[in-house]
Amino acid sequence: MTSTTKSLDSIVRQLDTNGHELLSRAHSGERPMPSVEILSDIVENLRSVLFPGYYGPSEITPENMPYHIGSTLARVERLLADQINRGYCFVCERDQRDLCADCEKRSKDTARKFLECLPEIRNQLLSDVEAAYDGDPAAKTHGETIFCYPSIRALTNHRIAHELYRLDVDIIPRIISEMAHSDTGIDIHPGASIGNRFFIDHGTGTVIGETCIIGDNVRIYQGVTLGAKSFPKDEGERLVKGLPRHPIVEDDVIVYAGATILGRVTIGKNAVIGGNVWVTRDVPPDARLVQSKSMHLAFEQDATDIA
Amino acid sequence: MTSTTKSLDSIVRQLDTNGHELLSRAHSGERPMPSVEILSDIVENLRSVLFPGYYGPSEITPENMPYHIGSTLARVERLLADQINRGYCFVCERDQRDLCADCEKRSKDTARKFLECLPEIRNQLLSDVEAAYDGDPAAKTHGETIFCYPSIRALTNHRIAHELYRLDVDIIPRIISEMAHSDTGIDIHPGASIGNRFFIDHGTGTVIGETCIIGDNVRIYQGVTLGAKSFPKDEGERLVKGLPRHPIVEDDVIVYAGATILGRVTIGKNAVIGGNVWVTRDVPPDARLVQSKSMHLAFEQDATDIA
Amino acid sequence: MTSTTKSLDSIVRQLDTNGHELLSRAHSGERPMPSVEILSDIVENLRSVLFPGYYGPSEITPENMPYHIGSTLARVERLLADQINRGYCFVCERDQRDLCADCEKRSKDTARKFLECLPEIRNQLLSDVEAAYDGDPAAKTHGETIFCYPSIRALTNHRIAHELYRLDVDIIPRIISEMAHSDTGIDIHPGASIGNRFFIDHGTGTVIGETCIIGDNVRIYQGVTLGAKSFPKDEGERLVKGLPRHPIVEDDVIVYAGATILGRVTIGKNAVIGGNVWVTRDVPPDARLVQSKSMHLAFEQDATDIA
Amino acid sequence: MTSTTKSLDSIVRQLDTNGHELLSRAHSGERPMPSVEILSDIVENLRSVLFPGYYGPSEITPENMPYHIGSTLARVERLLADQINRGYCFVCERDQRDLCADCEKRSKDTARKFLECLPEIRNQLLSDVEAAYDGDPAAKTHGETIFCYPSIRALTNHRIAHELYRLDVDIIPRIISEMAHSDTGIDIHPGASIGNRFFIDHGTGTVIGETCIIGDNVRIYQGVTLGAKSFPKDEGERLVKGLPRHPIVEDDVIVYAGATILGRVTIGKNAVIGGNVWVTRDVPPDARLVQSKSMHLAFEQDATDIA
Amino acid sequence: MTSTTKSLDSIVRQLDTNGHELLSRAHSGERPMPSVEILSDIVENLRSVLFPGYYGPSEITPENMPYHIGSTLARVERLLADQINRGYCFVCERDQRDLCADCEKRSKDTARKFLECLPEIRNQLLSDVEAAYDGDPAAKTHGETIFCYPSIRALTNHRIAHELYRLDVDIIPRIISEMAHSDTGIDIHPGASIGNRFFIDHGTGTVIGETCIIGDNVRIYQGVTLGAKSFPKDEGERLVKGLPRHPIVEDDVIVYAGATILGRVTIGKNAVIGGNVWVTRDVPPDARLVQSKSMHLAFEQDATDIA
Amino acid sequence: MTSTTKSLDSIVRQLDTNGHELLSRAHSGERPMPSVEILSDIVENLRSVLFPGYYGPSEITPENMPYHIGSTLARVERLLADQINRGYCFVCERDQRDLCADCEKRSKDTARKFLECLPEIRNQLLSDVEAAYDGDPAAKTHGETIFCYPSIRALTNHRIAHELYRLDVDIIPRIISEMAHSDTGIDIHPGASIGNRFFIDHGTGTVIGETCIIGDNVRIYQGVTLGAKSFPKDEGERLVKGLPRHPIVEDDVIVYAGATILGRVTIGKNAVIGGNVWVTRDVPPDARLVQSKSMHLAFEQDATDIA
């Protein structure tokens, strides 16, 4: 190695972050980070409780099913309480450490409260299964949608994450939704409120923002954005966080592939939004909104210019 | 825990699905579900047979290659026959159980028939490798496209899944195509028929529907949809499944990023479809179809309104 | 099995690639392929050095942090040097084998040079963290963006891959960027040059081409393409590789979801490109470019025609 | 490689066992071997049911314990039934294949019958725990003997294996006892009948033969052999298998380290057998049998002769 | 299944240990058991610090060795403190739970104190390596004894366990010594005090009791017992625990295979104990004690009687 | 932590072995150690070739067996050549590094030569299987001895290790024999020469030294030592290594449990050595040697004195 090469010691010293404001809080050594691996395990366990037989152990029979559910929930409850607590620590200011005992108790209470929501979460997901089967001519059986459809996978994560979000759990819901985002390309913020019988076909690139409110029986396609239009800033030029800024989509709406709907607009009941359109205003109920057709027939003269 | 918290017993009882119509068939205990993990193992093994040296064991030499191929195929055949059988069970009505012995034999025959298709699958994939190298200025070597390109990864899964689809295997082809969808963001239904020298650049968000027919030497880009336009329903208001409803794309066509082509339309030989356009009618051979340019130059007056 | 079924021997013979031009170079048995698994391990180790406490072991304290960094870098250096060497072999012509000793030394030198770039890579990534926090109203803490945001994950891979690309490492940079592509749906070619404070919100389907040059403080959204417009061919009808063919995006530009910018055009400082627009020409500084609004309000008469 | 080196093909041909009598029955491809890995999993699961809290998941509470036990038993039952069936196949003559359906049913019945024995197995093991605690001055708590003592580990395997042996399960019991042999150096044949409150201190090298009958409250040490003395052969000079040929050890006997007791002899109630002695005759109740002391004091003249 | 078969519910009820005295303390759900898996990880990490290059990562160089040692110790310290704390809980009476915070602090202090002993532990082990090389004609290099010899493996575990024993750590030392017992067949109680340059050849079946005191430069062989002779009981007929009851072996003693030395006797400096002998009295310095030779030449008349 | 606690830095400095003679050669960073994990993998692969159907993949059929054998041998050859090379490095003096290229070639040649021995190794092992079945009344089938008997497991390792020992491979044979020692408690030095039809019943604690020569059809039991009696030293008081110093055991000999045979003595053809006897002289053919019976009947007067 030439003499101009830096030594390992010198590189290490430059990378030592002691005293670095943004990074130093993370490595207190006492407050472990949430674990993506364990959260993934939790979600897979929940999938096996929500759809027994489709996921989880194959030995499930009517005789032993309650045992499977009970032991899985016991495991989930313990792991989840710990992760919730880690989530509190993640956003916690350092000088509140005397409240840690409270956080631990709060974590356990929250984990149990979450378990209580599971029957309702399953009802919602079963309605989503019906919607996927009814909405896709390629679906041969209900089971196929449970087992293979990115929509059901993403919604399972979302409905879990959304309940945790409503229970004021920090960071954990976001991690759970990012897992689904990575797996399916569907990015639903855990804050989004979504009714029954929701179906996203194909789904890659679909984005649903934090303050969206979606009614029952809505169907959307890949590449659809339900996003924010503008981000108000406060006097200090910092983004104001938490304002309602995403669309309201009423019951029975369909949004086709690539459509972009931005801002706190309302898409009225039974409206249809065509593919690739761009919407920043309210759309009345029963409307059918599409790209103007003339555009599609513009033939190019000069073939060398395209692509 | 407060007295209002539900007990674990009570939650378990609500989640017990015995008697629940949609879920009860899955957990008979006798009919294991297809395994995504094993199917993934099968596909990785096939990749090592189709592209020896690039995937699989690194000790391959001319002397030992036949042994590697043979032992890998033996493993694949056994695992695949079992998964095919599970696929049959997945869609099977309960009262046909006396036919199970037939299904087991049929599974084994089908697995062998599938192996016989592998030489042809490899020929197709090698033509895809040529197309990727020829079609992307960033590709430095053919090997790079085999090793890194999402297009080759997705097409390997597709060409495997498509043969299984043609052999009337249930559910398994769909699982294999969803694996590629999750990995690459490219969603090709196993039913789609695709010619030689096919290349999808970047690929995220591209969707190719069940009844598509794609010719030779076609190139498409990320975010392209070859989808269905409308879904006929039967008298009972249920979707009619299986009808031809996706585009026919003839030889030598290029479809640029974000274009949407819907319905049983034909894109004629050598046509070029520009980015982000929306097509629901036939396009003649050699046509160049793009967005009207005027639109792109519409400058906004009010900067605060966008985003 | 019927007599018309091919034997395993016959299938194996057809799949034996000895003598096949495209495949035979890969399996010399002496030159192992780069390993996606090990490269993934390397990147995860680097993540733990770049963001200690967020990734990697949880026992990090100010007292032991230098030891963690040092031992991790030692591990990365050894593994990376080997992968770099495999990368050289991957593109190497067979008759240059007498240069292998040089390659091994060059690999080690390059690995050390790469380590020297890590402090600068971290500075860039911390500016990206600031940009993500400042640019997304849903971000509650800086830590959340480090821990969950696809943008930070993809940029960590990119900034690593880009340094390796600049150090003339073969194939390895591309593999590292494809990992991020698969995880996040964000496809950044390792050749792309990207300034500080870069943020990609949601990100699925975003593509940034090999010769892009992006300034500081640029923000883009999901489904944005910064691509090539045409691919010049040489006299032999083969693509000319390596030409500048992707956009230059100057400081402080925002590009909204689904926009497509193609060719060696310049998007001037502080410009805003609206969602879903299609740009193939230069855009002046401070411009606001959006889709013409009229199009969006074209209501369809015939509801049965859409979808 | 020199020309005298054999080719891989030639080595493979010599190792091909098709037609080899001893080996050809094993690889029918239809009858999988018992799996040591799965049997190990079964035993570990049973340990967690027999000693909940000491083994298995750490989230066990009074509220959720029944769920853990039930789900673990369900898993064990399914896996064990399959292994029992594989055990039947292991010893099965080829032409009995038409009885396979019976074997499968018999396997399931046997697995359930085995589960019914578990409460009694636990009672025995708890008496063994008491005996270990009462018999070893180094044992500080009962829990320590459950958690660390080779005696309890080996007896858990033995009492499981012995019940399976009594249920006429083939080969599986032997595999389970060999696992304990490998882990602890204690070799108890599954056929041996052992009473309550049995304790083996240290245990390495202790051997207990197939037809041993051991009473209650017996304590033995490392290196003790309870073996056979002679093996009668039949007219064809083949060993007669299954005859009673190992010692009967009555209640309250102690056998010290390295003692060897051979043949169908009876060690009477409350007898003590000293270390390293060699016994091939009955020992009356209450006897104390040791090596003659004189031997131990034979001092050697010639130091160079020993070792 | 026949009607006489018990239901799963009924088996579960019988196995539910709520209220069972011996078992109920283990499953409080709040006090996780020590983990054999993690302790094994700790010991392997320590091996890599004690014998760097022989164990642990292969990238160790003079430049990076301090980083490896430091990061490994940081990991060990965190894991070990947690295991030590679990050890305290293991033996803790339930009503002392208000002292848990103290235990946690004490665990951390103890883990650090243990780390401080490592340099001395390594010095001892290096003297053991010398003794193994010097004592075994089959040893070709010092490295071979480090890498392969059960004696060094068992002594590494023992010297670690003994320090923890001296630091009053509960149960953990015993678990660590049982790991070595299972791996090597050498059973050394963590309480045993052993001088420098200790070597056990072959080792299977060797037992060294809790209160043994062994000097420097002692060599013993397989199957040697340094055990207790009698176990005094208290008035309540319970064993008195903790009394000195095992041999003192002075410097330079050799004990050959299968010898048994029982009770608080002293084997004087430089004595040699022959194979298979039985010693329950003091042996003077420099003595050579062997079995009387006459015995070995007793030829049997009746061949059918032996075996 | 109290002020008297040492800092991590100070502990690390004491453990840094740079400059330590015994340890510094190991961590050159360029010469990786042999890997116990990979050697274990190699041995398991060989087991599957030697006993196909019993070990290794379950899909073996007559049609595909050659493929399994060939691909397994290809894998073994590559891994083994690398381990053999590491073995050479393990004992290599530093200044011979210019010979490394030769070592690499020699490693490959040796690995191939070893493969050529496998048919003979299998013949020997099959004779051992016959001997185990014929020699143990508890053996129900030949398959049971292949699948469960420690004797066959230890001999498989031994016969592999012995061939490597004869091929002058360094350290690797010893590691392979220690694996079997750890698993079975049977310690056979790889140098020992063992004829056909060898059987060790139970086996724990049996030791067979480096220069033993054992004939055909020999049967021994647990706790038998075939060891060295004295170790000649050279003028510098160092052990002379490599001399013949262990017994010669001729054909058809039986040695019962716990017998100790030391030195270069010959046990004549067809001799029987009884349990626990101590032999340091030649034993003539057909002799029956047992402990004098009188000793066994020495009854103790004082019961409180024993144990």
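Residue numbering begins at 1 within each chain, and the chains themselves are lettered A, B, C, D, E and F in the order written.
One rule holds for everything that comes next: a residue touches a chain if its C-beta (ideal position, glycine included) is under 8 Å from a C-beta of that chain, and two chains touch if they have at least 3 such contacts.
Here the structure is a predicted model, which is why all the values come from computation and not from measurement.
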{"item": "Co-neighbours of subunit E and subunit C - touch as defined", "value": "A, F"}
{"item": "Of B-F and A-E, whichever chain pair has more C-beta contact pairs", "value": "B-F"}
{"item": "Chain centre separation in whole Å, for subunit D relative to subunit C (CA means)", "value": "57"}
{"item": "Chain centre separation in whole Å, for subunit D relative to subunit B (CA means)", "value": "51"}
{"item": "Distance from the mean Cα position of subunit E to that of subunit D, given in whole angstrom", "value": "24"}
{"item": "Interface hub residues of subunit D, defined as touching at least two other chains", "value": "8, 12, 29, 58-61, 63-64, 66-67, 69-70, 73-74, 78, 185, 204-205, 223, 228, 231, 258, 262, 274, 276, 291, 295, 306-307"}
{"item": "Chain-chain contacts as defined at top", "value": "A-B, A-C, A-D, A-E, B-C, B-D, B-F, C-E, C-F, D-E, D-F, E-F"}
{"item": "Residue ranges of subunit D touching subunit A (in the complex, touch as defined)", "value": "57-61, 63-64, 66-75, 77-78"}
{"item": "Contact footprint of subunit E on subunit F as seen in their complex", "value": "1-2, 5-6, 8-9, 11-18, 22-23, 25-29, 32-34, 90-91, 170-171, 174-175, 178, 181-182, 185, 187, 189, 191, 204-205, 207, 209-210, 223, 225, 227-228, 231, 238-243, 245, 254, 256, 258, 260, 262, 272, 274, 276-280, 287-293, 295, 304-307"}
{"item": "Sites on subunit B touched by subunit D in the complex", "value": "7-8, 12, 29, 63-64, 67, 78"}
{"item": "Residue numbers on subunit D that touch subunit E, as the complex places them", "value": "49-54, 58-62, 65-66, 69-70, 73-74, 108-109, 112-113, 115-116, 118-119, 122, 126, 129, 134-144, 147-150, 183-185, 202, 204-205, 221-223, 228-231, 257-258, 262, 274-276, 291, 294-300, 303, 306-307"}
